[in-house]
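Going by the order they are written in, the chains are A, B, C and D; count residues from 1 in each one.
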């Protein structure tokens, strides 16, 4: 009964929903098998939509490639995209719509932690196999959310990579930790500070800065006075990151800044007073999408770029976002191919048996007790100012 | 003080208003009022408080909207004219109750009255006002709020002079003034009339008004209760009747 | 419109809720969730309607209330292990506190300032949630309480929301239809009238803020569960604006309109999914369109269709003999109301300069004088709107010089206004019932809960108001909107409202202005009956012959001083009075 | 050094707030309306400045003039769309809603067309560095220029005196033949220019960012509340106070407490002095 009504409503809302899914329906005409419907919750507009746009390109590209090659077991892939604008309320509504009305078999996203935290408990009872696009640790919980698998590294993996780089490569013992006054910033500031102390380092200064603050000079001076040898910076606000770098450069300080990938975006570059202020900024990155000392990407990534050609615009986004989106659709194909069906239980079993899937973004592996699939060793640090065609060079020391 | 003027019948009509209905919001104060002012004459508009005298002046000068009726001034239809257009045409309304701009100087208050004058003419017009009220010239740099009530009233009338009226509508110029000042203000009005400016005077001091006016209208409760072609020949009892709603004040000779 | 009983609203609400409770049988989880969300929002909007719609306070930032409740419920359930239903109940406590915190600035700030302050409140709540990480989980947030059966499922939770919706609607309906609702509209449309009939404005506003805060907070508790998890990100400015627009689009001062508005605005972004990026823009557009084209909202449009045409016989003759019923009991003879040597200046101008005046029960005292002579100032001083700079005001033996307007109303001093201060959007009889404010026995809480005393009050006040309307000849208009009355009828309405106060003294400020000759006759008859029944009447009036005709005593003011005082005959013969009037 | 940077940044941001406060006052002067669009003017100033000079590479002078023109046009739209229609209405508070609606519409348009990430505002002169860089001194100088120009306009021109006259006594101004409506339109255009000027000179400090609109509406109003409605002197003092308080709050309590402290100051001042430092007295009610 529910399904019937869902169908009828869909015809009423045909234009609306069709509009959102149209790009991926092109080759689905002749298919006699029902499509594999994948719900994709993503902030495509609104604040913090840059990652979502990057992921979306990868997902669209993979869908196109796979559908042209015949889809998954003869079934075309249909992506049901919902723009959540980074608003948890909209995300929950959209999540319920795709699972209970669109009856999607897989779920990707949301791309923003506040949204993921809200949608996961809501969608959990529908037992839809889902790939998480958020780094918050608590989202992976095998007992409560058995159908959720994380494709990205977790927040802990990020902070660990950053802190290892500070302690082992830069050999700095005293750090200042800075976060922005948002949900992500406050949470990560605490995590990063306590982990750093646990690892034997010394946190000499912490500060939360309003992401719209006009100036960070006072904070930089205080950090410098406190004797910080390096700064851990956890903010996804490009404006704030640029202001911190400008303040650091302005007072003539050159302590390295290590932290969030948002410090390496083109937006930050545009906001810098001097190009040199981008020096000594090291951001979380991935071996798979980093240039080595010789300026070469790993072979698998090079093949991917050849496949992509000019079909996906890379100059204004980050390669790993595209790669990650591309991998998601392929992980779903792999699960259906190896599990034998798109039944949730079969998919779950298939993913849990996955030891090392050779993705573009990384080699994923899950087990019945571990749904964090990204290998810690592949999380590396990049030099922020080395951005070229969506990728960065490895930071010095690798 | 009667001033010799041409016979009323020979003068051409300057202002003709017919069937004016106006009020504030839903409240109609005027319910179909006719009034005429001829060139060079002085007309007194009398009536008890709340009769609608000020409302009528505001409706004529375009400060409040009319819901019915027409106004012609100097041959042109000014029914829908803005107050600015009225002032430019020479239809000038001096509000009751000392409406000066307190924080501005006396001179600035007069300058604002010259808003619609050609820039080159402003100084001359203001000088005219200073001639009529020399005490304003002495206080030209004083803030208007520092003036006494009587001086503020002079300033308001002076603003009327600066606007170079063809018809000057004065709304209770005597309110709050000492008798000496009342005479001063009315003398200025009389002098203007002598120069050919028509005067429409709303005044509580009936005798003073009758002293100046050629003709009289009495407004009561939103309608014209009395129209007299001659101020001099008007029986006080008739005014009293119109004023007090039909009953004369017994046994009183004004 | 019949006198209200407990049954009618209750039956309507229960029937509506039962009807809505069948939705999960037809709809999938998604639509049930949307319905749940709309229901949750309605709990908040119902209370906000009292603040914005009835009291006219521009509280823009009620998303903050939602956050307060969401965190209260979640923290208590997650950290203190409280039962979710108990945690939800606790939301009322934090809601009341938050409501009062928002309300206190609301007592003093004007529209734009208050709107800014409430926006600030919404920002502060989320900032505090962010900063107080140990309690709220900071940016990571915390899980919302999950209810046990039968409210655990999507449909079950929806039913819980419906039950609370019904309760909220019931509370708000009672408040809106009772004494507080009328007083709130008065605060919005004619605050001086509210003061004059003795409404304790500050206390009333705070009560309403407390109630709306409690409802907003409970809505927040439900919202948290509907969302399953809360972070500060969830409480966006858009949400605050949505609530606010829901009230306006629905039509302020009504209940059905905002309810429809809430439903529409919750559905809108779901139906227009591709427009998601534009949703905030669409809301804003809607707001502008509503404000510019239909400030009365949906409810006003419905109202226009429903209102009965006005009776043909516009002004039935007054029935002064009904006045004793309107006054219920004979006025208390509290002694004379007197001004002694009272002075008052405005910015250096002496409006009153040592005035003495006595108003005795059972007499009519006329107060005349030219414009600006201080008549209305004297009336405002008697009724308490202006403080005196020197001199005394006495009622019998008691000194009431420093007594507030409201307290003077309680002492039996009623007044009307030069420009009638009526509640245009309320019905005629509601305007009069406002006057009987003090004679209602039920407290704010009793009204909200619809306890028997509330209905007894309503019946008694309605009967009394009908008598007052009959007295002034407006009984046929009882259920018409007051702003449909002509200006002169509004003057009589004000007199009826003054009578409903059961006063000892009535101060009439130019009651004959704008009245026809026949209406003035009616007014005279009404005033005569007031005198006969022992009321003291102060008549401030320009219409001199009318004053002379019906007054026992006349005082003439000129430039703030008493020019003459005596019987009408004495005054008529007084030479200076004639001078003052005719300037001779 | 830390104190110097707090002081410099506080004065610079305070100057931008003060200029938005001036924009509020100019609109208020002829219409008694406080408009939610005041901060949007600042946002538009930054965004269009960045568009003209940074993206389209127009000469600085041309970009500056064009930005001010955009501000003026938006001021005109504000008057036409959300002020004039509601001034006629008896319920005068409707302006709060109509200007809020327009402000939200502009903000959303900016978010969609310009993007939701902050974008750079070009360096105009390149004079000074660190604490003497132009992003700090430009707003202060501009604020002084704007305040002085307004003072000259009010005191030295007939149109300016007409503004004062209308705000003092609109009916009397009307009776003098001052075209109240045209003056009101002029005041909104002028306010648009002042607001866009604030956004333009504050562009480097604030960046060209859509969310600055609401932020400036809020923080630009606090100086007006502190200083007293309609008082330009009050807005200058209030802006300075707010800028310094924010920097100090950031220093002592951290960034997450800045809005809390600013709001607390706002409420405390309003409750203690409802008319602000230099506000006019209350009107009679009956």
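Please note the rule applied: a contact is a pair of C-beta atoms (placed from the backbone, for glycine too) under 8 Å apart; a residue touches a chain by one contact, two chains touch by 3 or more.
Please read all numbers here as calculations on a predicted model, not as lab measurements.
Which contact partners do chain A and chain B have in common?
C, D
From the C-alpha centres, identify the chain that is farthest from chain C.
A
Round to the nearest whole Å and give the separation of the Cα centres of chain B and chain C.
Inter-chain centre distance comes to 43 Å.
Once you find the CA centre of chain A and the CA centre of chain C, what distance in Å lies between them?
53
Between chain C and chain D, what is the gap in Å from one C-alpha centre to the other?
Chain C and chain D have C-alpha centres separated by 35 Å.
Two-or-more-chain contact residues of chain C, please, as numbers and ranges.
Residues 127, 130-131, 277.
Using the touch definition from the top, which residues of chain D touch two or more other chains?
Touching at least two other chains: 112, 254, 256, 259.
On chain B, where are the residues touching two or more other chains?
none
Which chains touch, pair by pair?
Applying the touch criterion to every chain pair yields A-C, A-D, B-C, B-D, C-D.
Taking the touch rule as given, give the residues of chain C at its contact with chain D in the complex, in rising order.
Listed in rising order, the residues are 56, 58, 60, 104-105, 108-109, 111-113, 115-117, 119-121, 123-124, 127-128, 130-131, 191-192, 237, 241, 248, 277-278, 280-281, 283-285, 287-288, 291-292, 295, 346, 376, 380, 385, 417.
Would you mind writing out the residues of chain A in touch with chain C in their complex?
Contacts found on chain A: 2, 5-6, 9, 13, 16-17, 19-20, 44-46, 82-90, 92-93, 96-97, 99-101, 112-115, 117-118, 120-122, 136, 138, 181-187, 190.
Which residues of chain D touch chain B in their complex?
Per the touch definition, chain D meets chain B at residues 90, 158, 161-162, 164-165, 168-169, 171-179.
Residue numbers of chain B touching chain C in their complex, please.
Touching chain C from chain B are residues 26-29, 48-50, 97, 149, 172, 174-176, 203-209, 222, 236, 239-240, 243-247, 249-252, 254.
Report the residues of chain B in contact with chain D in the complex, numbered from low to high.
25, 61, 63, 82-84, 86-88, 93-95, 99-104, 108, 111-113, 115-116, 159, 163
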